[in-house]
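Here is the structure we will look at, set down as structure tokens.
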Amino acid sequence: MGFEPTIVGFLCNWCSYTGADLAGTARIKHRPNLRVIRVMCSGRVDPTFVVKAFASGADGVLICGCHPGDCHYLEGNYKTLRRFELLKRLMLAYGIDERRLRLDWVSASEGERFARLVDEMTEKIQPLGPFELGPAFQNGTDLGLVEGITPTPEVSHG
Amino acid sequence: MAIRANPHLIDELELYGAQDVVKCYHCGNCSATCPFSGDSYVFPRKSMRYLQLGLESCLRDTLEPWLCYYCGECSDECPRGAEPGETMMSMRRWLTARYDFTGISALFYRSPKAELLAIVLLALLTGLGFVLFGLSQGDLAVYSGDGAFLPAEKVHLFDWTMAGVLVLLLGINCIRMWWFTIGSDRSIRVTPLLYLKQLFQVPLHFMTQKRYRDCDRQRPWAIHLVLMLSYLTMLILIMFFLHRVQHGPGIDWWVHGFGYAAALGLIGTTIYALRGRLKQSEPHYKHSHETDWIFLVLLLLVSVTGVAQHALHRGGFEVAANLVYVVHMMGVVPMLLLEVPFSKWSHMAYRPLAMYFSAIHERASLNVPADDQSKTPAPQVA
Amino acid sequence: MADPKLQVALYWGAACGGCDVAVLDTDEFILTVAEVADIRFWPIAVDGKYADLEAMDDGELDLTLFNGAIRNSENQYVAELLRRKSKVMVAFGSCAHLGGIPGLANDASREEIFHRAYLDNPSLEEGNVTLPVTEKKVASCTLEIPRFYRRVHKLADVVAVDYFVPGCPPAPTQVKAVLLAVVQGALPPIGSVVGAGERTLCDECERRKEEKKVKRFQRPWQTIQDPDRCLLEQGIICAGSVTRSGCGVRCPDSGMPCRGCYGPAPNVHDQGAKMISAVASIVDSRDPDEIATIIGEIPDVMGFAYRFGLPASTLQQSVRSL
Amino acid sequence: MKDKCRIGVYICNCGTNIARVVDCEQVCQEVGTLPGVAVARAYKYMCSNPGQEMIIHDIKEQMLDRVVVAACSPRMHEPTFRKALEASGLNPFMLEMANIREQCSWVHDDPQSATRKAIDLTHAAIRRVQLHEPLEKQEAPYTPTTLVLGGGIAGLTVAMELAEAGQQVILVEREDRLGGNVGRVDLTAPYLDSARDILTEKIVRAEASPRVEVLLNTRLTELKGFVGNFTATVEDDTGLAGDRAVGGVVVCTGYRPFDAGRIGSLGYGRLPDVITSFELEQQLRTGKLKTRDGKTPRYVSIVHCVGSRNARYHTYCSRVCCMTALKYGHEIKSAIPEAMITDVYVDMLSFGKGGEDLYRRTSELKTMFLMYEKEDYPKVRSAEPEDDCGMLLQVREKLSGVTIDVPADMIVLMVGMEARHDGDEVARVVGISQDAEGWFIESHPKLAPVSTPTDGVFIAGACQSPKDIPDTVAQARAASAMILAYIAQGKVEVDARFAEVDEDRCSGCRMCNELCPYTAIIYDDETGRSAVQSALCKACGTCVAACPSGAIKARHFTDEQIIEQIEGVLAWGSNQPS
């Protein structure tokens, strides 16, 4: 069996999540690789979530919102688009293949489109293999870590 | 080139019996249900469209109304009650008038009173003529042989003269029909060989009416065929065997057998048709134009008087036979002179010709080179 | 521990020396420190050998201020040594805290760095192709130099760190406050960031802030700035909004945008990602092409997102082993 | 908090809808061992009464403090299960659902991967629910005065409905008269009754009513506040402005006719006898149906879909033009019995009550119907003397495939409806959005046709999309009912999910201020802090994502909850050797 990527999807509640539900109601089969996380608006998707997803083992991240002009929150999706453009540049700087990150618009009526999107993205990521940073970043540590000492995470206090 | 629409065309067709054309909204059920409609000729919808849009020249040049036998399926199926069958019928009347160069046909169709008047006048004229002629020739008490009131050979000569006139009139109209439908069509090239090869279509359709059999109901075809063959038989008997028909007193079964059968056929079918139209019992009898009645009544009259004079003659009532003979001719002459070239009877020529022309047109269209075809706007009506 | 004086060590890893200077910049306060503390080890200021350090008992030191990142095996060795010897380990300054400026080298491989430093450098003498090796046998013995790691780490990646003092370098007033807290034994819970505020720079920045809408981003020299208005609103990428307060707003006050050395605000998970979210949000356009153009003109995305924190970034941290 | 959780996890089989593909027992077993999970059960129908009772029972008996239901889409049954939590005394927000039906069992065939996905989603829900916090709804009063924008048939209907229910209305009209576009119409389709009859009575009553304040030549320039508590600033032509306290707003700003001059081939503006439908209405109202030369037209051609259903202008159907055109057939025929009428159309849309009958009656007038290709407008030219008519309209007739010249003395262009030029200004002021064509967008095309994303702001009539009078009136009355429902309650509930600013973290950078589509974020100059007005907030979370200080929290969608969910869906994969 070939590599099965895991894709984390951030879907807005009003258009894309409903569209994904519609794909279900209409029994439009698609690849089982997407793990959906519902947000109220694609504008809620903080780039932090995307880097967290990749860092936690996602092979791809899909962000879906309402079509431009159709946003339930008037224009949250334009903000997503702006962030996505800049985030994409950061991902490129990390040497991440740009096919792993995608922003697209799925309306509540586009079940079919959603299903095709998932298939398409899965198929594009499959040949890339598991997520990895660019060659320079891939270099893991070659530290001689002393046993018994675990690095302390920085904590915040209020 | 754009064709000028004539918004008054529907009004004109209504004078020819068209009704409810405006109700049509082009769903195409009529064409779908029509057993005659095919790939090359799609009707009645297309003709309905031409009519609605007032595309006079398109309508004049189409053969489609003639390819319809009026089985009435389309009218039955029409969801809008637009009566496409009757519209096709009225288009045939209109086309008859357009083919007729004299304008008489148009006059008759648009004014049945004029037709009736013409028939009556011609009948009276014929009656007067035959009486005067009879008196000059022989004795009212003699029906056949020497001294006959209306000698067979003279009547025969009259028949042939009349036939000549009819052929001339109808022939000219047929040529006009050819010109409108095939001759002037630049989109096709018809070779003389094609004309020759397809010529068999005329007698075939004339004699068998075979397309009518495609209709779901077979009875109209049977009635139509019987009427047609009876009439043809009678025509042949009169044109070629008049003498033997009239000669008595013995019965010459070779001749009279046909004659009786034909007379029976004519009377039977005409009564059937009249009854049907009165009761509106079948789809194609639902609507009757005045000219339909004139035609049927005339035909029944002629048949009945024909039978009557024969019976009277055989029964020895010579005076009565001769008088009825005159009445018979008073029916025959207007029927032939007015109905054949100018009215309903003309379809006996136009319909087989239309079958012939359509077969030619269909084959000629297939021969058109591809680039020519692209220039020709293909009919888009389904 | 009979000696009531605090036993203190200061050390530099991969660093520029600025942090040590920052300690000296506390001026006469350093003398006060000296009254209450013994400086046991401070390579930049006092003589001392690793052997002295190795000879100490574990936990003999009360406090180590470790500045600089972990770039090579020597940095790691000393960091581990100091950790063992010291009761309190403080990551002092941006490099120890987040990886700092040396951490930006993480987007190049060791080979690329060596190539650049030892082979392609324009200041090299022609024909000089000397490359460092960790071991070299000479006539009588084997010489060793520290191993250059594949990437730069923050201090907490190699040892347990008790406190973090951010800044490149930490502001002298904050250094003073931290030292005072140590002296007075008033330290917050382990793992805290000390010597910094709990909000972002904007809180202390005196510049006028209005609603933010930006059509074009630019570098400071590309525009004549309004000295009283928020730099970001003028299209100058200032990291102040995503950077912990406490530095005293020294850069923006001098007309230069903040570059983020104090690290992210307490609740922010990833400084660079947050910066991207905030800065992109204020792009004043709804046209996809125009948005792409405006964003495309931003120079050096990696540099502004993680100027001081690439080794600490979420993605870099996710790569743990070969 | 996380360590002390007692979570109940319920896996629904949904009959066989889920269980056919997903091995619910396996899901139950795998998630049952996760930290914090006190009980995990699979059941055939969780939404059924026994299913809900099972949850309620467990909450009480097992002292559960959080519930995860892995079942259908939360859009389907989240309210059901929240009620179940409430019934057992738990805060309804202590629930998280995993969508393993619509987004799993219904779209995947392979049981193994579908089960894996179901486990991941349930795992994520379990991780997330541990960070859930109890949330309470809030309330605010409702001001029973309503602002109606636009004095056309829609606005007048709303005003009169509300006034007759005893409520105060402020009717704001930009023009100097009431009546709107219907006031420019003669008869109405399909019953040919007079528009004047419909309208005049309403105008007279509105002007006479003590409950309706009619403001002509007036615009709304600002709307502040939130549902039940708006402050509307209205300004008249002279610049005189005033504030009004209103509880709700109904936008009835209507439409404007398409500018026929944009389609050159139709000759509008070039040929004097090419007129628009509104110009014909004017002639019909005055009873003078003449060409520009004062002659009686013998041929009248009506061109449908002018500006509608065309990729270059508007792709939508303007809905009223077909019926209006058919109505013209009758009106012209009754004025000039000998006139020949031609309708040049794209599709004859004679939907709705009386429509088909009107079409039939018009076709019986011998109206000639020609069908044209919608991207191929007819071309109008002056006729030559021998043509015996004023103009010729060239149509590529679709049903016959023939190019036809139609004679015409008068050509009527059925201009479509277009969003008003000032629509974007209205949208901005009242805080609603427009689609690509400029029409105001409703909350839901079927289920909430007059509501908008801004609570308390409703839309009615042709400002939402092209509409005929019956539909407009129906919408107007629907909007009135919505307003009356608010007034009857006397208060508004504010969703418990909203963003809130932690004042101790806010740095006053003002990054969020401009981002809020509802202007819910207020910056306080004194304190240098921003704050969210919770009643205005719709919980989109855009400001939360942008806040560089991490000071804004989206209640029920916090960073921590979402990150926990991200790690949850990936937990299994990241434990696997790569």
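Letters A, B, C and D mark the chains as written, and numbering starts fresh at 1 in each.
To be clear about the criterion, a residue touches a chain if its C-beta (ideal position, glycine included) is under 8 Å from a C-beta of that chain, and two chains touch if they have at least 3 such contacts.
Being a predicted model, the structure only gives us computed values, none of them experimental.
Looking at A-D alongside B-D, one finds more C-beta pairs in contact between the chains of A-D. The chain with its C-alpha centre at the largest distance from the centre of chain C is B. Here the spacing of chain A and chain D, counted between their Cα centres, is 30 Å.
Taking each chain's centre as the mean of its C-alpha atoms, chain B lies 65 Å from chain D. The mean-CA centres of chain A and chain C are about 30 angstrom from one another, to the nearest whole unit. Rounded to whole angstrom, the centroid-to-centroid distance between chain C and chain D, based on C-alpha atoms, equals 52 Å.
Looking at chain C, one finds that residues 198, 266-269, 274, 277, 281 touch two or more other chains. Shared interface positions of chain A, defined as residues touching 2 or more other chains, are 46-48, 52, 56, 75, 79, 83, 158. In chain B, no residue touches two or more other chains. A complete list of chain pairs in contact reads A-C, A-D, B-D, C-D. Contact residues of chain D toward chain C in the complex are 504-511, 513-515, 528, 542, 545-551, 559, 563. Residues 70, 73, 76, 80, 83, 97, 106-110, 112, 147, 149-151, 153, 156-162, 164, 188-193, 198, 266-270, 272-274, 276-277, 279-281, 283, 285-286, 288, 291-292, 295-296, 298, 301-302, 305, 313-322 of chain C are the ones touching chain A in the complex.
Listed in rising order, the residues of chain A touching chain D in the complex are 4, 6, 8, 13, 17-18, 20-21, 23-25, 27-30, 32, 35-41, 43-49, 52-53, 56-58, 69-76, 79, 83, 115, 130, 158. Within the complex formed with chain A, the chain D residues making contact are 73-76, 99, 101-104, 106-110, 113-114, 116-117, 120-121, 124, 431-436, 441, 453, 497, 504, 515, 517, 538-542, 544-546, 554, 557, 559, 562-563, 565-567, 569-570, 573-574, 578. Those residues of chain A that touch chain C in the complex are listed here as 46-48, 50-52, 54-56, 68, 75, 78-79, 81-87, 89-90, 93-95, 133-146, 149-158.
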